[in-house]
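The structure under discussion appears below in the form of structure tokens.
Labels A, B, C, D and E are assigned to the chains in the order they are written; within every chain, residues are numbered from 1.
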């Protein structure tokens, strides 16, 4: 805030202890994997003909990122955006390289929370630089495929690697969406069977979560749409088909999230009505009890009066007669309630 | 998840026991129908000048689909999408063939549920490959027409066959929409005449169902719009008119579904008010009983007190007088309630 | 359903007993009016230089329509759409003729219901074919003008006739919209002055009706927009101005309908609050009665106890004193309620 | 309705007694002002090189308007629209002249109501014809500026005059919007401090009014957008900048109106909750009174029983003991309620 | 209102006592800072090759602004908009200069309120004129950077200065958005833990505030989008990248505000339900107390009757028996309530 544009500052909490660089350098024939903590060790990879995937875990080491950026010719605004972990997903085309920001969403270890982490990808002619907030990501299977030389990846260029990384991130959205759907189903059952005030709070907080996830995911539609249309020249035409596939997935995720929002709104109505039904049931019992006994209590009150001249008090069968009258009144009331379908 | 793109995996439950291939091969003059369980038997049909409709029921036999795809020159991403039964409707134009995914919706045998099944269609120069999750579909009449040589179908090319299949799917949406409308009318009557908590749950679950159907149907608008505009070159100009017809139908379906959503929202309001009216009626009876008897009970309480010096107790006509006073009070109250239109 | 596309089937209920053809053939100099029941009688009019308006009432005679279509060179898909009375409004341009579907809305004879009827219009070089579900329409004044030779109509070509027919249909929408507005005003008054459960049902059913009318009307915007822009070549440039006028009208109708929807939603809120106000008033009376008499009834209960040693019972002025205390309590309560503005 | 298009009929109530024509004819050097009641007197002004503003108050004199239109070469559809005071705002470009319809909104004399009046403007090469429903408008300051020769107006052409008139109408929308905002603030205060059923009716009717104003104002956005882009050739390029200014204003008005709608919806929620809070307060008093006295009344009832063998009745300190027990029960209840924060 | 367009009038309250001009004139090599109160002192800076930032605090001195505008060749409409502090954000391109209006939002000193102030920026070839309502702004850091010669700013042209100013304004929106989010979180907690009628009023007023902020912020999206696309020719291509960065920020701000609106709507539902839960709890206690004691009070009433022939009254164990019966009834009721999960 207030700093000159392009000033590198880490925005967000520090999630990694040390900043580690991992390089996977490969071509169809060859494969090499290395780990550094110093940016300089990665400089030789820039001009190699093979594809280099330079992955950085931890964004607090600003100097390291500055060094890396300078050597690879990255604009300081790009580096600033990498460091600002509150950035929205976007695609910037700098002709000689592409810059993509996206949000990784995943369930935490005990599946109770959805966590998000910002990933920045820079695609150059023969390298991809990926910057993450901390170690641990959804790219494990990508690494496995590169190491094993399985599939198309070792034969393809750097743009295919970037596709693979974005694809891995988007694929994981489905896990999150499935988790959301499962929670909605749980809440649905809870609302119908056993609604409590916490149920509504849970619905509301889930809806709030869904709104936030939408904010993280929906800008990606435009990003991938542009990649799919082959807008940036860095992308090979054969890769565009693959981005078309990712585009389908992101549309599917967004449509699911939008449907979830609508369903959650409906669930709130259902909850409110469910609670009000329970209250009504309680009230109905009171109403019936009270309505039956109010006139009866009045009657017994009448014969509890102490007037000297109350002829009924002396009648021999007055007491059982009063009981009879009261029973008839009560029976009539019950009949009336049943006729109205209140009981 | 995590697999190399283009890796063939069946996503969704296995709905068919065995995977069957049925081929209908026809031209204006000739017609042939065959059934296989081995993909190789269908290979000769690829280069025939006649139109071949290769239908596959059951998606769990991944090898069979891989063989089929390889021989017909289908991209592995297409095959992957065929196998993923959670895919959203789409159209991909691979120049030498078109790939369409759509959702078949139909009522189950006792009309109590709406089921959906994914259909993938691949249109080549002189063949259509259709992949279904299980046997049984909405294409029976299409087969009949081909067998009988009725109408335009035997004279037309493969693109007309694909139109016919999509048309059959979309036509069946009207059955589903009619069923929805009927259920809405039932719920409407139920809400007005006899609302119960289950009524609201039914409305809510129907709305949720409508949201899901919309998700299955609405992407088809763009698919058919592109087909109608003759965007893909594989389509003959004379077929575009027919896709224009399907486009009208899909618009009509979507508009009906959107109207249904709005009507269901209104129905929820109507239900809530209907229930609250019933409660109010019950409460009003209590209120009136209580309001009339509360002062009367007080009066009889007064003359039930045991003070030694209560002159009224000794008056000869006190008792009938008290009754008279109480009757006047009750009458006045009833008059007041009636004036206020509460009873 | 399941039939070959272009198969002619009448969809919808049969509303006319016999299918009648009425022909108005005119030029600036000449006018002729005829009625047939056989399509063949209309064939000679196809090649006349004068403008022929061929109107058909009743759609159940499929053969008649097929004959007519064949002679005038109409595509079988067009005829199929004419017969399907559930079709949404649309414009199809077949180069040598235009096909327009629209919905006629009118109040029934006692103005209690809004009825709709599908009109199909086919505009050729020098003829207009109009197909209606039954006799009786909004075209009476158009016929009068043609017979009388009033205005521009006898001098103009067939495209101006089609404009006149569409204009007549759209003009009648204003009658329907005015009726809706009047009903909304009635409901508004009813909600404020005398709300009953039926009021809400009426609001809800009116809203549902509005949703359906919107579905019939709103697709016409695109239809007329294309006509106005002179998209189809069959239209004379001088007629486009007139379609511009219809376009204004249809926009006005749609805006009115949309405003009505919003107003009806507001009316539901107003109703619910109005009802809840009435309940609250009833409850308040109970509350006040109960709250005043509860402590008094307790007091009289106290002195109704039969303990032997209750000194107050023997005091000479105890009874009037108790009355005094009770009056003070009641007065204090009334004062408290008034201060809180509850009474 | 049912008339030939271009038939001149006055739609709407007659608001002026006589139809008056006022002409302001000016150039930089000269100024002339005249009043007629006969259209013919205005004919000479058509071919003068100076700018003529021909203003007509009162639309019921159809012949006068027909004469005027014929002489100035105006299409009969335009005259028809001028006479239909229910028309929506629009711009029609007839090459040799422009036709603009817009709605004048103003507060009536005692500021209690918002009135609307249709203004039609016809811009020719060197004249502007304005048609109003009645005398009295927002153009007083424009007339003053022309008379005084202040500012740019006397130097500019007819298109600048039309801009000035539209600008005057749009400027007055701000007065209406300010009035709306003031009313919303009043209602806001009323809802919080002293909500009555009338408050909600006022909110609802204000919302309905806002919906109607929006209908009058929002089509103007497209009208002015087209004027700003210099779409019609009649407009001088130097005037486009001025229309850009009006465009900003109309956007601002529409945004304010949209915000008002949203705020009014929120106000309804606030009202409903406010009313329900008041009811809850009343109910709480009843609940507390009833809950405290119900067990006490039971106790005094117990010792009001007339059994012969009730040992407590004979105890000497039974009476004060019962009082003590009842006080303890009441105190405990009050403590319980306070702990639960109900009192 | 009613004035000739381009008439300079200050609209809004006067926020500054005197109108001060501050000039920062700089190039890479040189820097000069001056303060005037007379517009003439700034005239020499117009033709200097260095970049001049002419900042004016206080808009009430209309003559000063007129002088300034005349010398720098600014259109009178622009000056009029600068003076109207209710203007919506916009960009006008006058070829030789750009005119941008935007709203500065900031928290007041004790962070309790969000204040807004209009900033007008005029970008010429080598100068930027900024007009503010009063002294004190978010540009302090920009001034520091110019004075210190830090970063790119001293090397860049006037368009980069304008970018820096807009960037400073937009950056400050994040402070406001963070404050909003914090308030929403507070209200969320309040709603769940301790809802009071004031809570809802706060939610409602915060929502109203959010609607107003959106009105100030959202038009900026189009403004910056046009700047980013290099639409105006005055902008150097190298600056467009920087506007791309601001565009990302403004999108992020708008998305946050939209999410806030949705969350606040959800919060209202949560509040209403939370309050209704509290009421229900109170009601339940009354219901249970009343329902238990109503039949017991009836029983003790029965044995308070004074009939001469009531055999039970003479039984020796009648009194304890009645107690036993009443205890059994109470126990049964409690059991029934517990079974129904009401207590």
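We adopt the following convention: contacts are C-beta pairs under 8 Å (C-beta built on N, C-alpha and C of every residue); 3 or more make two chains touch, one makes a residue touch a chain.
Predicted, not measured: the structure shown is a model, and the values here were computed from it.
Of all chains in the assembly, those touching subunit A and also subunit D are E.
The chains touching subunit A as well as subunit E do not exist; no chain touches both.
At the interface between subunit B and subunit C, two copies of one sequence, fewer than half of the residue numbers in use are shared by both copies. Computed from the mean C-alpha positions, the centre of subunit B lies at a distance of 41 Å from the centre of subunit D. One inter-chain figure worth recording: subunit C and subunit D are separated by 26 Å, centre to centre, where each centre is the mean of the chain's CA atoms. Within subunit E, contacts with two or more other chains are made by residues 276, 283, 286, 290, 297, 301, 304-306, 310.
Partner subunit D is touched in their complex by these residues of subunit E: 1-7, 75, 77, 81, 86-88, 90, 92, 197, 200-201, 204, 207-208, 211-212, 215, 219, 268, 271-272, 275-276, 279, 281-283, 285-286, 289-290, 293, 296-297, 300-301, 303-306, 310, 312-319, 322. Residues of subunit D touching subunit E in their complex: 140-141, 145, 150-153, 163-164, 167-168, 171-172, 174-175, 192, 241-242, 244-245, 248, 251-252, 255-256, 259, 262-263, 266-267, 269-270, 273-274, 276-277, 280, 283-284, 286-287, 290-291, 294-295, 297-298, 301-302, 304-310, 340, 342.
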